[in-house]
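Each structure below is given as structure tokens.
Two complexes, one shared chain (chain A), two partners (chain B, chain C).
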Partner chain A sequence: MEDKPKLDVPTPKLDELEKGPWPSFVTEIKRAATKSAMARDLVRQVEQSYNDRVGHWKHGGLVGVRGYGSGIIGRYSGKAEQFPEVAQFHTVRVNQPAGWFYTTKALRELCDMWDRHGSGLTNMHGSTGDIIFLGTKTEELEPFFTELTQKGWDLGGSGSATRTPSCCVGPARCEMACYDTLALTQDLTMEFQDTIHRPAWPYKFKFKMSGCPNDCVSGIARADFTIIGMWRDAIRIDQSAIPEYLGFEGFDLRRDVLDKCPTKCIEWDGKKLSINDKECNHCMHCLNVMPKALRIGKDTGATILLGAKAPIVEGALMSSVLVPFMKMEPPFTEVKDLVQRIWDFWEEFGNNRERVGELVTRVGLANFIEAIGLEPNPYMVMHPRENPYVFYDVDEAAE
Partner chain B sequence: MATEPVPQRRTDIGPPHYDQFLHPLIKRNYGKWKHHEALKPGVLVHTAESGEAIYTVRAASARLLSTDFIKWVCDMADKYADGYLRFTSRNNIEFLLANKENIDPLIKDLNARGVPVGGTHNSISGVVHTQGWIHCHTSATDASGLAKTIMDELDEYFSSHKLPQRVKIAVACCLNMCGAVHCSDIAILGIHRKPPYVNHANLKNLCEIPTTVAACPTAAIRPVTVDGKASVEVDREKCMYCGNCYTTCPAMPLADADNDGVSIWVGGKVANARTRPMFSKLAIPYLPNNPPRWPEVTEAVKKIVDVYAANAKPWERIGEWIERISWPKFFEITGLPFTRYHIDDFRGANKTYRTTTHMKF
Partner chain C sequence: MREELKRLLLERRFDEIEMKALKDKKSLRGMMAVLYDADDLLVHRAATAWGRLALSSPASVRRFMSRLAWQLNDESGNIGRGSPLVIAEVARANMELAKEVVLVSTHFLEDRGLLKRVLWGIGRVGEVHPALVQDIIEDLKMLLADAEADIRGMAAWALGKIGAKGIESSIAPLLDDERSITIYENEIMNSVSIRSIAQKALGITGCGPAPSAA
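Moving on to the complex of A and B:
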């Protein structure tokens, strides 16, 4: 691998982005460009964008592989005469392994396949979690797909489909995991293959699994269906590990742990740390600061939240609690049933391009939970209503 | 003529099972991790109930990677990590080492190739960002370029733990916000500032008019007839330049070299630690698109981080720090002007008005 690949095309603007300590995407495109004509025209077109201060891609078009409605994003250059090799420059989304774990053997195989069929450029990974293979031509799609599936890989979701589920590292390498995020991700991904590959919803539907309320995959901000690990019993305390923390330079148990506990439920008598677990709101702070002394409880499961999305169309939303606690064990039947009931309602009542969070906002949470068969529960809201315009059930009143 | 046998076409096989990609040490201790600590910036050790430990070395990446670079990363993983690695949700590369002795030689090799190691605990980890001019049609700016120049400026915070808390930075090149950057400590957002240009001559051929009208969140689009052709017009007073119409209708482009630019939002978080998750709030309504290195943007981000680093108490995320000192103080000590654009005027805006006399002077 060359440190500073040289190209025969001048790119004075982009060259500025090869300076500085952070790894440079420009160097990456140039590396690919030494082997791929597509990557070479990409670097030229992006240089043009840097001069013009606008993008030069046209609207996507409908391209794909046989039998799939998603996984390929069609992309065409708006300057095809100037940059013919990127006239077609489609993206292929490949479903990542849960937790983004790889062996070098598998990664090399993926790279070799992409060198044969595409630009040699990737994103590891895209925002939803997929492996993104950036830039190929329509005629390469079927051969690439065939090779990919022969090696055991498949496409991810795009458009109005279930998007590729993704998860945090969970029990594979994190002591905070309250359920097996990888197992659930794999299970849901396999169960929902059809809805991932054949867009049939009003709009996109994303799943994210975080093993605890630290929410390392940002599910509460990014996923329509957010599963965040939770425990219900007591935080486990190892009193013998506390002196080690007290010995750390700059560590102040009162300032750094006790006073930072949002519910002020931790006490320290100079020898023993105690937690009033009935008061704990499971914020994670104390566990994050003293992982050697404190551990999540043993009665574990997850909280299910619904509805996060970016601003388009009706404004950004965070997910809100639907089920405060659910056990999360294979075969995950309860959570799958819940998903199905939500999908049935959304499919019937959702407008075109209406995310499920927007649908809930439009029909009201009370009506929504009634429709999907959940009982009202104070954990679902920050507080009961303030507004006195209550729509009482007239029939009920008349009885 | 003999033909090559066509391999059987397989569909809906899903991703390979993660099990085959886990380091044997991880497999043995799966779900039985006891605790972790950071040995130094970029290096974590997770210890299991069995007493076994796995060492993680976290390295930065450009997110946009060539296959050659990935293969070189594989060489590193083969040499030091028994051929096992993973990526994080913030595009970092994690080498998973069973042997502690391999940590420093690996870091040496990474640094020699210009790959920084860090991104753990109270640092600025990799930037979550979108495609921009590299691959998207609706971008108002380039996400890769911004991420690169910003991290060049903030690199010292990637490879150290000297911030009061972690700072998560995200860049989105338009309001679509692929990657939903709206709950980040610092979000950089590409913005358009002019209504779409309507290509009346072609609109009827390229777009379905009722869908286009329905696409607008503020009902700014009306059907009209121009020169005998069915088309639409945009009420300039109602348009907030979101680009929704353009997603539906290619005859309504918004990109504009002189008016597009960047806004900066601060104080969001997703973790539930201490305080609730929060949306990011507007700090700077507009900075110009000034590629290749966006000096105005990098300077502003650097300033916000530096002021935060100097003023926040230990464990406070940017949003928690601002909540404590109050927003007027934030504008005062950063020197950022507070303008009419900082006062929300969309639906539900009145929820953001100050309905208390709690104020700090």
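Moving on to the complex of A and C:
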């Protein structure tokens, strides 16, 4: 293992976070501190925070680049006299490529830019999905932005804006992808550029695209609008591949697959595996365990869910199904129209700091779907097979 | 939408903007987006358009007022750069719409990135509601000695608009200040010397050059 970098200032508390088997952010900041004065003062301030048991960052003024209202998060040290190099330590969000695919040349280009204009510290990637550049001074923002955009990159979203759409690796690397998550992410990013860079919403709005119900970007738990790949026909079964699994040491088809099926829709008669697809709830378990024998269906598209949020302290919401199935093919007109209808409603009736899911909870799903022009559907449930909403108009029912 | 609004603003076609805003909700979204534009004139013109809407269609403007104030306080990377201008113009046009947020901008007198627009907003509101801004007269007087010409000039302009009393000794040094700043008035950006702004604030007439369009 590489030697841990040594600083000429004692950091006994932070040193504790370098122990153990896992990579340590402290080690990485210390490594950067051998070259960057900002990183050096960052180490010192964080050590001070552990001593004082209080964070020493403060909100000291609005910062940004001209023409944009988001992408930069102003951060200032509350101990600027003690740690002058981090007096201003702004975070910059850069729009990541769909699926986080880079060439090494692109990564070097990004890091070189940040070495010139910032602390050199990065977070690849933040929970938002963006490339996060940590720590720069106000005077460096415009020069950095100019260089960044000249090289074809752009800032991501922050504040009450559409946040940078993000997606899983999709069909580029995964056989489970039911639609091209990368293409949709690129399309939505370009289509809704203005709302990413110029905050105009009551609060943040997040898109996340997962190619299948494995939901590798965890959209169901944290995005306002999640597009999860789905198939609506039968799981494809390659019976000839099953004996190979049965030959794996420790593999037990009944224990590892059949008994773990939440709807018990898989049967095995000793020769043939069969699935009652009408009962399948697309949990993905069997496909994940036996990817060579089982494949997603051919009639693919996506399920659209609405309304998650994952705040740090309290009030987390999971999203629920809004559209059970929608074909997801360029130019993605149907999904973009739906987004616009949702935005029209949320923008008009949403309170400040009210995510779209909270608005739906407040006004009721029935009112919401009527306003955005969707028909009630039994799939609009919080959890499959429980807690169904029942919609009916009293007069219509009487007739 | 934003590009079309920008064109209409540049051509000062405010009536058409009002018509659009009444017909299509997305126009108001576009009007929010223009507030982040890099062109100072466009942002000010957008604020003018918001003020006109506050008169002709108060219901459509109402819900945006708290949002504009929230954008100034959002700590997750929002920059309510246009908020002080719009809030001021709406307050001038229809105080009922802005009464809860009209003074929010005055909490940003230490925010250098926002200060010039905050001062402009204070001047605009103070011109028609001087009593509202009396508590910050002393803060404005302090800014008359600011090292940045834009700030001391705007502070003098705001004090003049408010018609503040007892500012003679504080503003006197600016009577020799030959630096010029740009101020949005009468729907254009004007280049004005700080000296003439100070003279105007003190009620000295006939001394300054006429504003020229910039």
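The criterion applied here is as follows: the second predicted complex is superposed on the first by the 373 of 399 C-alpha atoms of A that agree within 3 Å, B and C clash if a C-alpha of one lies under 4 Å from a C-alpha of the other, contacts with A are read in each partner's own complex, and residues count from 1 in each chain.
Simple rule for what comes next: a contact is a pair of C-beta atoms (placed from the backbone, for glycine too) under 8 Å apart; a residue touches a chain by one contact, two chains touch by 3 or more.
None of the values given here were measured: they were computed from a predicted structure.
> Does chain B (first) or chain C (second) touch A:Ser274, or do both, or does neither?
In the superposed model, A:Ser274 contacts neither chain B nor chain C.
> By the touch definition at the top of the document, which applies to A:Asp194: first (chain B), second (chain C), both, or neither?
both
> For A:Thr263, using the defined touch cut-off, is the partner it touches chain B, chain C, both, or neither? Pick first, second, both or neither.
A:Thr263: touches no partner chain.
> According to the stated criteria, A:Ser158 is in contact with first (chain B), second (chain C), both, or neither; which is it?
In the superposition, A:Ser158 contacts chain C only.
> Name the contact category of A:Phe89: first (chain B only), second (chain C only), both, or neither.
A:Phe89 contacts chain B only, not chain C.
> Where does A:Gln239 make contact in the superposed view: on chain B (first), on chain C (second), on both, or on neither?
neither
> Where does A:Lys204 make contact in the superposed view: on chain B (first), on chain C (second), on both, or on neither?
Second partner only, chain C.
> Based on the superposed arrangement, let me know which partner A:Arg353 touches: chain B (first), chain C (second), both, or neither?
both
> Thinking of the overlay built on chain A, is A:Gly67 touched by chain B (first), by chain C (second), by both, or by neither?
both
> Do chain B and chain C land on any of the same chain A residues, and which?
Of chain A, residues 59, 66-68, 91, 194, 197, 352-353 contact chain B in one complex and chain C in the other.
> Going by the contact rule at the top, pick out the chain B residues touching chain A in the complex.
7, 9-18, 20-22, 26, 30-31, 33-37, 46, 54, 56, 60-75, 77-78, 83-89, 91, 93, 96, 113-116, 128, 130, 132-139, 142, 144-145, 148-149, 151-152, 155, 158, 172, 175-183, 211, 214-215, 217, 242, 244, 247, 250, 255-258, 260, 268, 270-275, 277, 279, 289, 291-293, 314-315, 346-347
> In the complex of these two chains, what residues of chain A are touching chain B?
Residue positions touching the partner: 1, 3, 13-14, 16-17, 19-29, 31-32, 35, 39, 42, 46, 49-50, 52-60, 66-68, 75, 89, 91, 95-108, 111-112, 114-115, 120-127, 129, 134-135, 146, 149-150, 152-154, 166, 168-169, 171-175, 177, 180, 182, 186, 189-190, 193-194, 197, 213-222, 241, 255-256, 260, 262, 282-285, 288-289, 291-292, 295, 308-316, 318, 352-353.
> Hey, which residues of chain A end up touching chain C in the complex?
My answer: residues 59, 61-64, 66-74, 91, 93, 138, 158-161, 194-195, 197-200, 202, 204, 343-344, 347-348, 352-353.
> Can you check the complex and tell me which residues of chain C touch chain A?
Within the complex, chain C touches chain A at residues 1-2, 25-26, 29, 32-33, 35-38, 63, 66-67, 70-72, 74-81, 108, 110-114.
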